[in-house]
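The letters A, B and C name the chains in turn, as written, and every chain counts its residues from 1.
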Amino acid sequence: MSALKTNPGNTFEDFSIGQVIEHATPRTITAGDVALYVALTGSRFALECAEPFAHTLGFPEAPVDDWLVFHMVFGKTVPDVSLNAVANLGYAAGRFLAPVFVGDTIQATSEVIGLKENSSGESGTVYVRSIGRNQLGETVLDYVRWVMVRKRDKASPAPTAHVPSLPDAVPVESLVVPEGLVLEAYDPARAGSPWRFDDYAAGERIDHVDGMTIEEAEHQLATRLYQNTAKVHFNQFEQEKGRFGRRLIYGGHVISLTRALSFNGLGNAFKIVGLNGGRHVAPCFAGDTVYAWSEVVEAEPVPGRVDLGALRLRTYGVKNRTAADFPGRIDGGYDPAVILELDYWALMPR
Amino acid sequence: MSALKTNPGNTFEDFSIGQVIEHATPRTITAGDVALYVALTGSRFALECAEPFAHTLGFPEAPVDDWLVFHMVFGKTVPDVSLNAVANLGYAAGRFLAPVFVGDTIQATSEVIGLKENSSGESGTVYVRSIGRNQLGETVLDYVRWVMVRKRDKASPAPTAHVPSLPDAVPVESLVVPEGLVLEAYDPARAGSPWRFDDYAAGERIDHVDGMTIEEAEHQLATRLYQNTAKVHFNQFEQEKGRFGRRLIYGGHVISLTRALSFNGLGNAFKIVGLNGGRHVAPCFAGDTVYAWSEVVEAEPVPGRVDLGALRLRTYGVKNRTAADFPGRIDGGYDPAVILELDYWALMPR
Amino acid sequence: MSALKTNPGNTFEDFSIGQVIEHATPRTITAGDVALYVALTGSRFALECAEPFAHTLGFPEAPVDDWLVFHMVFGKTVPDVSLNAVANLGYAAGRFLAPVFVGDTIQATSEVIGLKENSSGESGTVYVRSIGRNQLGETVLDYVRWVMVRKRDKASPAPTAHVPSLPDAVPVESLVVPEGLVLEAYDPARAGSPWRFDDYAAGERIDHVDGMTIEEAEHQLATRLYQNTAKVHFNQFEQEKGRFGRRLIYGGHVISLTRALSFNGLGNAFKIVGLNGGRHVAPCFAGDTVYAWSEVVEAEPVPGRVDLGALRLRTYGVKNRTAADFPGRIDGGYDPAVILELDYWALMPR
């Protein structure tokens, strides 16, 4: 009787193209979430930290950090999408569409847009487009991710394979600049960096210098805050029997740490607007020290705006070594220290 | 001179029947407390997480988690009641009487309602009825607990023994349904479970499946948040000389973890209304992984309400093994893995 | 190219007398910060915990803990002042001038008021007066600190030495009592101590009894919350090659713990108003257990107020032993267990 009442998570067989999942636990984002996010990451971007700074940019109040919004949406999708995931394979076509403020309530919905069984017959790739909406029904975030999910039964028939066509990057024309944004009064001294859009060039590489060691309690607090229920992050009793013998750190926590570290070198990259792609190249564990570096992939003007530009950045998270020599892709793979490759668009004042 | 100014805690001799203690440090509960509670427990009940969800149930805003309220009240009683406690023996007759909202200020008062010296002459049991009130003077929580407290002097005379008569369980008739509660618009998809009151039956057992490993920093953060000052939770220098050699985790943190885990199987048990009894069967330490399972003891209609019922639940916290085979009482004692047995009433929509 | 864009921190050569530095990242203080501060320290002073208690004292709302304000200001100065500091040498002339409330935004500015190269030619002492201002431009905190900062190049010429004249203590006449403060309705039972100003006398020593063990995650959370970027607190990969082999705990976290511990004995010392001096005598590491004791240095009436007095306190933080025998200065140095000596003024009702 009881087995019926608990959520075993969906297996590959449970997904079908076009299926829409309304995820549980809408979440009102509070000043408490924002403070915890700062305590967990050390983020220093002035726009999210200071109401008056946000006002000078035309925001009614300080917006919530973009990655915090992402994690809140992502976390809600986990019980339905990736509880039985073997791996989180990739992201694409992500756009941050409307700022989120303290007091807004975010709820998440996912649509299955692709399915492909693996040749082993033991698992398959599920592509979902996940959407976060606020209490007014406005979409605040929209992204695709794909995960490898176990099958319940190797013998169950494979669905017709459908791999969605996904862009390599979000075109700069479809990035959304926050409504009402003005940059005349942008104060680089208070923002913490004198460097503006035109100081950056495609191909430039920036070592973010600092390193941050992660503790077990920290990533667990972060991941629970987002109500991400993936078992691998929390259960040492189970994990110690597994492949790594340890709890895995939620890849999103690594994203947030690299973003916070990137303040040192990208302090005026004040707003994330697009997520082009991302790969959690290797696992990260408590005790690991994370460093980061970024490459400017593109530096593009934003249509209709003379006051800002969009930097397409590829940020690498690296562990247990500095990023001074820019460890990244090598020989079609990655330097063994790389744990994250993230490709995204950020706005910067000109 | 200085010894006079510090609180040594009360010993058994300091308590007398009818004594009323106004506890220190009234506490305004904030959005920060609520966010930390989610980060520390991973709780996912929609009522406390989402303002719009709370509105659909007739609440003016999202209420504070019932156990967070309990811990705030409990914490305030510690410096006066249990600083010299040898053991926290039990709870009874607990009722959650009025919802608490962010911005409410809780203060706590205890009355001594029972005393019984132990035959050893070295300690005795103190029974207190503790009450939490909000800034309007409304009682929000009312419960009895009893603790074994050391005597200062073995030779001091024993008080007349008085053991209060306590109910095995709070009668369903005296449970208080939050004022204005309406359930017509209750959305089980957003709440995260399709199972309603009538789907549960007395005797049913539910394995909550997931496990959560506790870190030292986590339980210390939680216990300090509640301003619970019991020394055993915080001082490793002292504890390493003691019986366990380690800091003990506040039993209330285990209660909160089991409640959060119970979401998986009891997702619509949206409101705790009564605390019938509880026992911290064995200590819990950092590094332990907590699992939980629940038995439905009674499934009772609530007088005057056709839209909800009350489940009397007995939840067991278990450590370092799964709860799949429902480890509980055996041979008049408990399975060695059991750390908590908690008997309480929760409301669920029909 | 990228080296230009990251902040290497200032070296001794970069400072000049009269130089004014506007620090980055103004910070709106929220209910989340306040809750985290309680969770990290266990502070129990009623004024900061309860809105109604604050109202009875004439505050419009509960003020933010004084040391939390201090850390927020201090943290902002780190990237510019002490990123390359060898040691944080001292504090003087600190005054808490206006209460800070949730929603206030603090920004920090420092002026270089002293410079003195060390005889080694490898480093020098930089004296800065740091000021925290709220969004109205009111100064909320003003203090001097001096740090030893590395030189970039031993050969660079020494500046003219200038050591500012600093008071041994802030004169009681220049302490600022919060505007509108009234103490008629001060409730010692809810504050948690019956002892008032006139119960204390110069020379009195108070053992604060309790001890608190610090976890790595805790001090990292605290220090990131304050956006203090000093590398020694966060990067184990780097630290393990260094002198201690471990991350150092931000000295301000120790200040906050001793303040929280001092509640037991100084529960009515409700408001810090002056910082006379302070020394981080020895480093503190995760796993250490902190105890504290205080000496009353002076007990002074406050000009124009019959309802309160100012206690000049010298609080010692001690690690891995109790403070029952008041370990402090010995033979011109300190007991080896001492980690902090802090000299400050606190207000107390008469």
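The rule is simple: a residue touches a chain if its C-beta (ideal position, glycine included) is under 8 Å from a C-beta of that chain, and two chains touch if they have at least 3 such contacts.
If you're wondering where the values come from, they're calculated on a predicted model, not measured in any experiment.
Student: Thinking of each chain as a vertex joined to the chains it touches, would you call that graph a line, ring, star, complete, or other?
Tutor: complete
Student: Are the two sides of the chain B and chain C contact the same residues or different ones, given that same means over half of the numbers occur on both copies?
Tutor: At the contact between chain B and chain C, which are copies of one sequence, the residues are largely different (under half shared).
Student: In angstrom, rounded to a whole number, how far apart do the mean CA points of chain B and chain C lie?
Tutor: 36
Student: Can you pull out the residues of chain A that are in contact with at least two other chains?
Tutor: Correct list: 30-33, 35-36, 215-218, 221.
Student: For chain A, which residues are in contact with chain C within the complex?
Tutor: Listed in rising order, the residues are 30-36, 38-42, 44-46, 49-53, 62, 189-193, 195, 199, 201, 204-213, 215-218, 221, 264-267, 287, 289, 320-321.
Student: Could you pull out which chain A residues touch chain B in their complex?
Tutor: Residue list for chain A touching chain B: 1-8, 22, 24-28, 30-33, 35-36, 79, 103, 105, 107, 135, 215-218, 220-222, 224-225, 227, 229, 231, 234-238, 247.
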